[in-house]
Structure formats: C-alpha cells, structure tokens
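What follows is a set of notes on a single structure, which appears directly below.
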Amino acid sequence: MTNVHQFQCDYIAGCHPNVLEALVRTNLVEVPGYGEDPFCQSAADKIRAACGKPEAAVYFFAGGTTTNLTVVAAALRPHQGVVSCDSGHVEAHETGAIEATGHKVLTLPAHEGKIDAGELDAYCAGYFENAEKVLLVQPGMVYVSFPTETGSIYTLAELEALRRVCDKWDLYFYLDGARLAYGLAASPDVTIGDIARLTDAFYIGGTKCGTLDCEALVINHPALKKDFPALMRRQGALLSKGRLAGVQFDAIMTDDLYFEIGRKAVSQAMRLRQAFIDAGCTMAGDSPTNQQFVCLTQAQCDFMARKYRFEDCGRSADGRRVVRFCTAWSTRDDVFEELVADVAKLKTVA
Amino acid sequence: MTNVHQFQCDYIAGCHPNVLEALVRTNLVEVPGYGEDPFCQSAADKIRAACGKPEAAVYFFAGGTTTNLTVVAAALRPHQGVVSCDSGHVEAHETGAIEATGHKVLTLPAHEGKIDAGELDAYCAGYFENAEKVLLVQPGMVYVSFPTETGSIYTLAELEALRRVCDKWDLYFYLDGARLAYGLAASPDVTIGDIARLTDAFYIGGTKCGTLDCEALVINHPALKKDFPALMRRQGALLSKGRLAGVQFDAIMTDDLYFEIGRKAVSQAMRLRQAFIDAGCTMAGDSPTNQQFVCLTQAQCDFMARKYRFEDCGRSADGRRVVRFCTAWSTRDDVFEELVADVAKLKTVA
Amino acid sequence: MTNVHQFQCDYIAGCHPNVLEALVRTNLVEVPGYGEDPFCQSAADKIRAACGKPEAAVYFFAGGTTTNLTVVAAALRPHQGVVSCDSGHVEAHETGAIEATGHKVLTLPAHEGKIDAGELDAYCAGYFENAEKVLLVQPGMVYVSFPTETGSIYTLAELEALRRVCDKWDLYFYLDGARLAYGLAASPDVTIGDIARLTDAFYIGGTKCGTLDCEALVINHPALKKDFPALMRRQGALLSKGRLAGVQFDAIMTDDLYFEIGRKAVSQAMRLRQAFIDAGCTMAGDSPTNQQFVCLTQAQCDFMARKYRFEDCGRSADGRRVVRFCTAWSTRDDVFEELVADVAKLKTVA
Amino acid sequence: MTNVHQFQCDYIAGCHPNVLEALVRTNLVEVPGYGEDPFCQSAADKIRAACGKPEAAVYFFAGGTTTNLTVVAAALRPHQGVVSCDSGHVEAHETGAIEATGHKVLTLPAHEGKIDAGELDAYCAGYFENAEKVLLVQPGMVYVSFPTETGSIYTLAELEALRRVCDKWDLYFYLDGARLAYGLAASPDVTIGDIARLTDAFYIGGTKCGTLDCEALVINHPALKKDFPALMRRQGALLSKGRLAGVQFDAIMTDDLYFEIGRKAVSQAMRLRQAFIDAGCTMAGDSPTNQQFVCLTQAQCDFMARKYRFEDCGRSADGRRVVRFCTAWSTRDDVFEELVADVAKLKTVA
C-alpha cells in the first residue's frame, strides 16, 4: 500500500485533524447515551443555526444507507414508494435496503444524475389520475442527492421546481447529502439554508466530508419528527454512544470548517479536471464537484496506476476506460501537486 | 454534570486510551472502505486466534441491535422465529427491531435472566410434535446473552446443554456478547474458545467494553457466512469506513487488553457488591459481573445521588428502590475508592 | 370419512344453502372485478345498515389472518405494536403473520381469553410514562376477538372500558369477529351496532358462520379508510373476483340470516353443554358460544371417537383430555340429536 | 349494465358450469380444513398427473398476487431479488406486494412482454462478476408469465434457454400462469409437462380460466417444498376452507376441461383478431392468446362502446386508442357472433 496514493473514493482516511482533536479532548468526559449528551446538543444547535431552522430536529447516524432507510420507513405508508432517478443511491447501490423496509423505489430516468421536475409531475399525474391506481405503488416521497452519484448538482431553480411538484401531489421531499460539503462549495446559488427551506428532511454527510462514520439528519416536517428516536432504534440505527457523532459534528460545524473542507476539495477537483482536459483527455460528464470522471486509454490507465489508485467505472462508447478520481478533505497538497504533474504527462501516453 | 460521577451504565465515556492512541496513530493512513482494509483483517485475525477458530468469519458493526437484527434476518427462513427468555434484549429493549425484519421473538421464562435447556427442549418438542404446527412460528434460533440483562452468566454446562438442544432440533445458537469481557472475567469455567466452539455465531461487544460504538461478530456456521456483507448492507449495517472498527478491535485484542478490561471492572464490581452488603443493603440478584443491582431506601438513594448517577430499575417487593451501578473500563481508581467509602456510610442512612 | 360426524371445528362444510343458491343464481352475471361490482355494493349497504354506520367502509377478504395482518399493517407506524392477550389469535395461531408486516404483538395475560381494561391501562401507562421508552415498542392498537379463542365473550361494559382506555392513550381498537354470529347470539347485551360504535374497525366472520372463505371488514376510523384497497392489494388480499364475497355476504345479511345462524348454533351448544354436565363431565371453561370445551377420560374419548370427530386441546390438570366440540350453521338436526343422546351415555363410561 | 356485454377482462363471470356443479354437489360434505381434505388431494393428484410430476407439491391460493409474493418470500434470501421484465405483473401491477416481503424486483427490458435469455445472462454476469456486488441486489429468481401481460407466449426454445441461464447462475425459475389455459392453447410446442419440467415452481391460473378466485401452485424444487404451508399461513394465504379451491380444481382438471376452456377462448380470439384486421384495424401487438389489443379511432371506440365494455390501454403512436378485448370460458356463443358482426362494421366507421 505504501507508495500508492488513493484517489478512488473520498472515505480512505480517518477524520479531519480538528475532529480528531475533539475526540481526544473529550474522550474521558462522562455523558449519558443515546444522543442525550451535551455534545449532540451543541452539534445540533450549530446545525440548526447554519440552516436557519431553529425548529428542526437533528439526529445522528453511522452511515448513509441506514439514514436513508430509516427516513423512508418513518415517512411512508405501506403502499407508498420513494421516487428516485435510476442512478440514485437508494435504487442502485444499497443492496435492497429500501425494499427491506417494505417499500418500492419508483424510478425516473436520470438526466446527468438528476430528476426532471416536469417528468416527476407527469409521473405523479400518471398515478393519481389512473383509474386502476389500486394496482400501482403510490409515490409518497422524492429522493434526490446533492451532489448526485455522478457529481452533478441541482440548481436552486431545479430544487424549487421539485418542491412545487412535491407540494402539488403531497409528497415528502428528501435530500441525501452524503457529499453535501462538496455540492455546496460547487454551487453558484444553493446554500444549506435553501436546502433546509426546500426539503422535508435531508442529511449532512460527515463520512465523506471529514468525520469518521457519521451523518447528521435534519428533519423539518413536523409529522416526521414524532417518535423519531424510537423509529431509529427499530432499525438498529440509534447509537448508544451518541457522543461519537456529537463530538465530531460539533467540531466540524465550528468556524465554517465543514464548508471550508468542501471549498478546498472542489478547488482541487477543478484543477484536476483542467489538467485532464489540458492533457487531451475527454471527461465523462460535467461534474463540478469533488468526483471527476475521465476517459482514459488502457495505456493511460496503466501509467496512472503505477502511483495512484482510482475507481473503474466501466467503458465509454469508444471503448476507453471511464475512471473516477476523488479529492477530499484528506488530500495532501504535495501528493495533489504530484498528481496534477503526472496527469499532464498523459498527453504523451497513447 | 461536573461533580457527579456516572455509574448508571457502562457506555458513558469514549474509548480506552490504547484504542484512542491507535485511532490517532492511524488516522491518516489511506485504506479501502467497507471493511476491506488491513486493520479489519488484523483485528479479525486476532479474534480468530483468541477463539481458536481459524475458519471463523468476522464482521464489524456499529451497535448491538443492528448486529442482532442482521444475524436473525440472515439466518432464519420467513416462518421461523428466535427463542429468547422474556427478559432478553431482543425481546425487551430493541423497539421491535427483530419484528421489523419479519420474525417473531418466541419467549421462555427467564431464570435469573437465563433460558433453561430443559424448558427449551420441551418448547421445541411442543412445536415439532404439534399436529397443528402450521399455525405456529417455528423455532429457528436460540438467542442468549452473556452476561444476561441482569448480569448473570451461564455456566459451561448450561451452554453445552443449550447446544445439545439446538443440535437436537436443528436450531442456530446465537450469543449476544455486548458485555462479553465482563462475563468472561466473572466465569469460573467459560472461555471465549468455549463460546466460539458452542455457538453458531456470537458477538464480542466493544461499545460497553472499551471501544467507541462497535461490535465484532464471529460467525462459525458455514451457511451463515454466505454473502454476509451483502446481508449487512441491506440492513444499513455495512460501514463505509470499516477501519473505524478495525483499528479499535485491533488495539483492544492486543496483549490481552480486552480480557484485562473485563477482569478489572469485575474485580471492582465485587468490591462494590461487598461494600453494599457490609453496609447492610440487600442485593437484587446475584450478579457476578460489572452490573450490580441493589435495593436502597429513598434516603439512601438521595444520599448517593448527591455525588453519583445510577440507574433506576423500579421497586423491590418491600417498596425499596432497585438501582444499578456499573463499573467499566473507564472507572477511575480514585473515584471508585470514593464510591466504596460512600457506600460504607449507607449503614447510617435510614 | 363416511360414518364419522365432524364436530372438530366450524368450517367443515361449504356454505349455507341460501348462500349457495345466490352463487348459483348470479354465476353468469357479468360484473367488474376488484370489488367494484353491485353485489359487493349491496352487501356493504346491508352491513352498514345492520351496524347503523352509514359512513363505514366495507371490504371483503378471503380469510381472517389476511384481514388481521392488512389492518395492522395499514394502521400502525413502524415502531408500534398491537396489544393482544397471550391466547389471542394474532399472537398464538397466525404463524407470525403480524410480525411479517414488521410489527410486534405485545401481550397481556388472558382472563378467560380476554384482556382486562385495567391491565391495559397500566400497560400503556408503563410505556408512555417510561423514561426509556425509546427502547420499547409503542402500543398502537388493541386486538380482541369476539368470541375469544376459548369461546368467551366480552360484556358491553368491558368493551366500553376498553374503548375508554384506547381513547385515553390514542390506540386503535380492533375486533376480530371470526365467529361474530355466535358471539352476538350468546351475548345478553352486545349488538353489532355496539361493536360498530365502539371499535375503529372489526370484521364480520363469514367462513365460520355460513359462507365459503370470506370475511367482511368494517372500518369506522377515517384515517384507516384512506387508500385501503391499495393497502389490501399490497398484501395480496384484494380479490379479483370480489363478487364471490359480495354475493355471499349479500345473501347472508338478508332477512336476519347471519344472526339466525348464530342463534341456532348457540342454542345447540347450550344443549350440548348441559348434556355433558348431566353426564357428569367437567367443562373446561364457561363458553356461552358455539365452541364447547370438556374434560373427558380416555375411555370417554374413545367412546365418542367411534362416531364423532372432535379436536384435542391437550390435558387438564387432573390428566383428562380436554376436547372441543363445535356446533355451526351446518350442524344437522338429526346428527345433533344423536350426539346429545350419545353424550348422555358417557355417564356409564369410565 | 343489462345490455352491455363485457369483454374488458376475463374475470367478469363466476365459474364454469362444471365447477359450479361440483361446488353444489359437495357443499355439505364434511371435511377437515387447511387443504387437508380429499378434494384438494384429488385435485393435486390430477395436476401432478397432467404435469407428469408425481413428486410435485401442489398448494391452492385465492389469487395470483398472494401466490407470487408467497413464492418469492419462501424462495429468496434477504439480499436477493426477483428478475422480471419491466412489464411483468410483479413489477407493474401488484402495488408493491413483492417489496412488502422485503425483496426488490430487478427489471430487464420487455421484448413483446418477454425476457430475453441473453440479456438475463448478461445481467447475471454483470452482478456476479462485479467487484462491488456487495452494494447490489443479488438476482435469485426469474419471474415470467405465460402468457405475458401483453398476451404473447414464450416458445419452448425460449423457456429452455431461460432454464439454462437459471442453472448457470443458480436462480430459481418461476412461472406465473394466471392465464395458463389460454397460453397452452395458443402454443405450437409448449405443454404443461414442459412447464413443469423446466420451472422450479409455477401456478395454474383458475380465476381467469374457469374457477372462482383460486390458483394452483406446483412446486418442483425440493428446497421450496419444505414447510410450505407454514410459509403460506404467515402471508395470510392458507385458506381454512381449502375445499373451495380443491373442489374447483378437481372439477376443472377432469376430462381435459381446463385445456378445452383454453382452446375455445383462443379460437374465438383468433376469429376476433381476424375480424379486426378484416375491418382495416391495426392490432397492437401479436397476441396469439385470449387478450387482443387493437387500435381504434375515437369514433370506432364510441361505436363499440354502445354494446360492449372493453379496456382502455392508452394511446398508440398515431393517437388512436389502444383497447383490449378478452375472450374467456364465459364468452357466450351468441354474444360472440354478435361481436364479430359488429367488428365487421368498423370498416365503415371513421
């Protein structure tokens, strides 16, 4: 493992030094369990303040899939499903965790990883105006991620359009922010306040943005708040040492750190993207965030693989490999400069 | 919170200093996700060695309930249930997490927190020899904890008897070791090797025995091993930063630390128990482990509550409070001596 | 099978002649599927009239277990369970069908097959006033059957008391009327109107009271009505030929037939009971309905078994067999007189 | 409703006269419940004989959705899903009943309602050879219907190819025969023996082919047979008056009746099809079975709607209505001749 630098994903390292320092500093403080501790309370307060949502409920989870499935199970009646685009995480990469709660994922085509509000509206009309809808799963929630699986982000206008469709058909609007820090840093117009204002619930991803395994769920819709810790417990999602998440989110929501982590990684990603383009490579998709997908020849793959690990995402139409490089809070400056320099050499690799 | 010492449970502090040191030391090492990292592999190797089970599969979870529900869902066919005593954790304190996977908990009476092998055998006979068993849930697994909810422990003979009944009726035998370190330290005859030998699966509790939120599941039965990580993922239990658990169990399974933690806390618990008895108090139950249940008058409760937090467990037959004090890896020596000294004063409190 | 008369249960024959006549008469009438036919509408109207509930929703099912599980799944949030006495059908005889929907059955002790309202109130208080209720399943519904599994019936005062407890703690009150005709015939004070007035939902049993496999669910609570056919469909409970149930319930709810069936069978059961008593036998329980449980010596069992089939229900404290004889709509007068005469002979059988 | 003839589906009438006669004849015969009666045994024997499968297990259900969901729940491990084409009944028209059992439906594109064996093979390869398959639902069963939702049928070669792919990847092969009588009548080469030989389980549809609500499941795979009635009970699918289905299938499997019903309806459907073509209408799809889909102008729809009810299936590419006419066992000869004569008049309707 020694001399290979890992860019295949954004969860290869432990946690941001400030977060680690907080864990060390508070380690022997004695507090109650199950999230009833002052660290969780302080973290929740900082999150509510950042969102401009003093009434929001905040809960902490150990991962994204357990967060998603708990929200879906808590929100939907039995005959309802969650609408996702076909590349959405709940549809494509959670091993049937949503179905394990008894609910279907209803899919719409992905447009650069995103749901189109007009298509969502038509889909809902197709259900609610169908004379035989008793045979169909009722759409009850819309799931989006920000950024999406392919690194793209919704514009503010797109999120507002989805909100209007949700209001029209009485659907919950839920946003998966596993990489929220990177999405917000990349967006010209969407703030965390906008997301809190437009969604019924969303989560602030920690695992991929600077903490150890943890995520912070923010619930805005009153009906979803009721008995929520019991609903978490039922899914095995209520952590007895809630402090582990509380301490970390308390640290990362301090002094703008969460957002600063996003800005730095996105800035690096944009430099990396430009380096690939300058080297004559074709990007696969227009990701403005920390995940960059690029088409490489086999020779170029081999060249890069000598020093770097990156993710194989299949083949492009012309037969080249599509690969993913991720920057993250843990990307070292010196390693990154070396990477950019090596990318420049791809020009000369067949 | 400052001057109150917390004895209400055994998960009030972060993690053992050795564990914390390992987290700090490895924080920036870059490794793959989902438990495919060298820390998880090293921890698993040490666990297999401690168990004398080179073929065992080892997986890490963020908590006991998510471990229990994943094992039950993986092991049982749909019409099967898990047998527990009525005070068992899966029956009494998991908010329906087992039922959420579609399986019933079948209960037997608890005898000091334990299942009686003879009663289990009779129960299975009652099912398998019932002409109308099509209307009944089939016992498919036996669940025990070691120690139990009330701090008691099975003897080696009792575990062997349960194993024989499981073999007779073709049931899985599963052991919840949330407080395994304390149970092993208290037992005159049961070793971790015995537990590994006698059960189909069990977990080594970390959260209550020296780590942050994590548990190590050991699977011995070949049928249960198949596709297990996918089964975890489906329940939202597969951690993307598996390293968090791997690093911690690697540290705590080093140089006998896990077992030493158990021995020290049990030794303190025995001194605490004797102190209560010497002060004229009646113990509630004969726990030989780190949880001590004692009957106190209201005045005695008030006296202790000035300096200590402990858990209220209801009332004894004669109207006194039953309360729980726990020792743990995190119990400080100076605080403990102070506690013992204060307990001695109860003699003079009405 | 020829010369043995079957009294082991109340579903040994097809359907009441009036019901069969209606099936024959309407067989070739062409109607839409899924319960949207005039027979279902007419049957529902007659049921609403009998209940004095013009606003009630009425749906038809093919059996009691599928009715029970669909109601529970429709009514409860994920962390809620249904309270039943420990001899209740949902707890004891449905092979985990409730748990298959993800919900726990919470049990109270049975008192002659019934839940005590005071114990229910205490149980709810124990939950809602528990500081650690996040670890417990929340009671969300009360399940009773009328008559119960042991043939007993609630008084009007008992049902009213249960309703008050349900109102106090915001629980649904659901009544399983698999043998409702027999319960109503036996009750001195409870009418179908009382049951409709006091419960949120209940079902009128057809299968055991004169129809082929079908039951009629009556829903009073507005929240439960919403999208109910879709909820049935999801459980596989929506019959495409809804007419089969509609025609049958339309016939059996005509001219008081359903209630007359109950009265006749209960009248026979009371004669049978007296015959056993006159013969010196001990009854097992005080059932006033169509199921009679009696203790017989082995010789008496053998004597009866030459001509009759009856159900074995285990052993009484003094070692005799407890057996069940059921009367039903299908009990033939001549066979019944023969049975009573044979029971009288038990006096002389050791 | 009087003067409108119903062709919108094939479950508008009760049951075939022979079936009705059997129900009347056996109505008062007293038999045990839960399918343990001689009618069910006789029906099962006739089915086994027709299939050439003396070892097959046969069980009866009240509908197709409850059959499908019970088989899926019984067969799959929790992380597995069932592969269907996107127009398959389990995916498109069961209100999430499969997901309610905790399993995902994995979809392949429909080719005239059918799965392509090559695409299935590629899909399985894509899963089993995927390095990150832990994040994906494992294909565990293939679901097809015969005929399909659009009335098409698999050839023998196509079924054999699917069987080979199932063997290659260790999947169950399950066939939904809701309209099996019509499919077999239409097929030049597939017999019920072939279906029994090639599948692990399939059901013989009764509801749409001459009985009241019932279907007969045939299980060939030994692992699926184990404890199957208990698995049915858990889903609320075990009928207490099993005789209702037993009597009906016993009658319809006598003297080739089931197959004769199919032949007559298919023969009518082919005449109807030709009549539409002769009238200049365009058929929507090439159904050789009892469902015929045809494109009509609005004027033609209005013309037909004066005397007939048929199903609206949306619009064709050129804006005409696509409608469905079904023949069935209940189609009266005189009405059918009238229909054909009226279809001939469509030539003159704009």
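Labels for the chains are A, B, C and D, by order of writing; each one numbers its residues from 1.
Definition applied: a residue touches a chain if its C-beta (ideal position, glycine included) is under 8 Å from a C-beta of that chain, and two chains touch if they have at least 3 such contacts.
Just so it is clear, the structure is predicted and the values come from calculations on it, not from any experiment.
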| item | value |
| --- | --- |
| Shared chain contacts [chain A and chain D, defined touch] | B, C |
| Selected interface, B-C versus A-B, where C-beta contact pairs are more numerous | A-B |
| Where chain B and chain D are represented by their mean Cα positions, the distance between them in whole Å | 51 |
| Chain A and chain B, separation of their C-alpha mean positions in angstrom | 34 |
| Length of the line joining the C-alpha centres of chain B and chain C, rounded to whole Å | 42 |
| Shared interface positions of chain A, touching two or more other chains | 78-79, 94-96, 100-102, 134-136, 230, 233-234, 238 |
| Chain-level touch network, classified as line, ring, star, complete or other | complete |
| For the chain C and chain D complex, residues of the former touching the latter | 1, 5-6, 8-9, 11-15, 17, 20, 23-24, 26-33, 38, 62-70, 94-97, 100-101, 207-208, 212-213, 230, 233-241, 243-244, 330 |
| Residues of chain B defined as touching chain D within the complex | 34, 73-74, 77-79, 101-102, 133-136, 138, 227, 229-231, 233-234, 238 |
| Parts of chain C lying in touch with chain B, wherever the complex brings them together | 78-79, 81, 92-96, 99-105, 134-137, 312 |
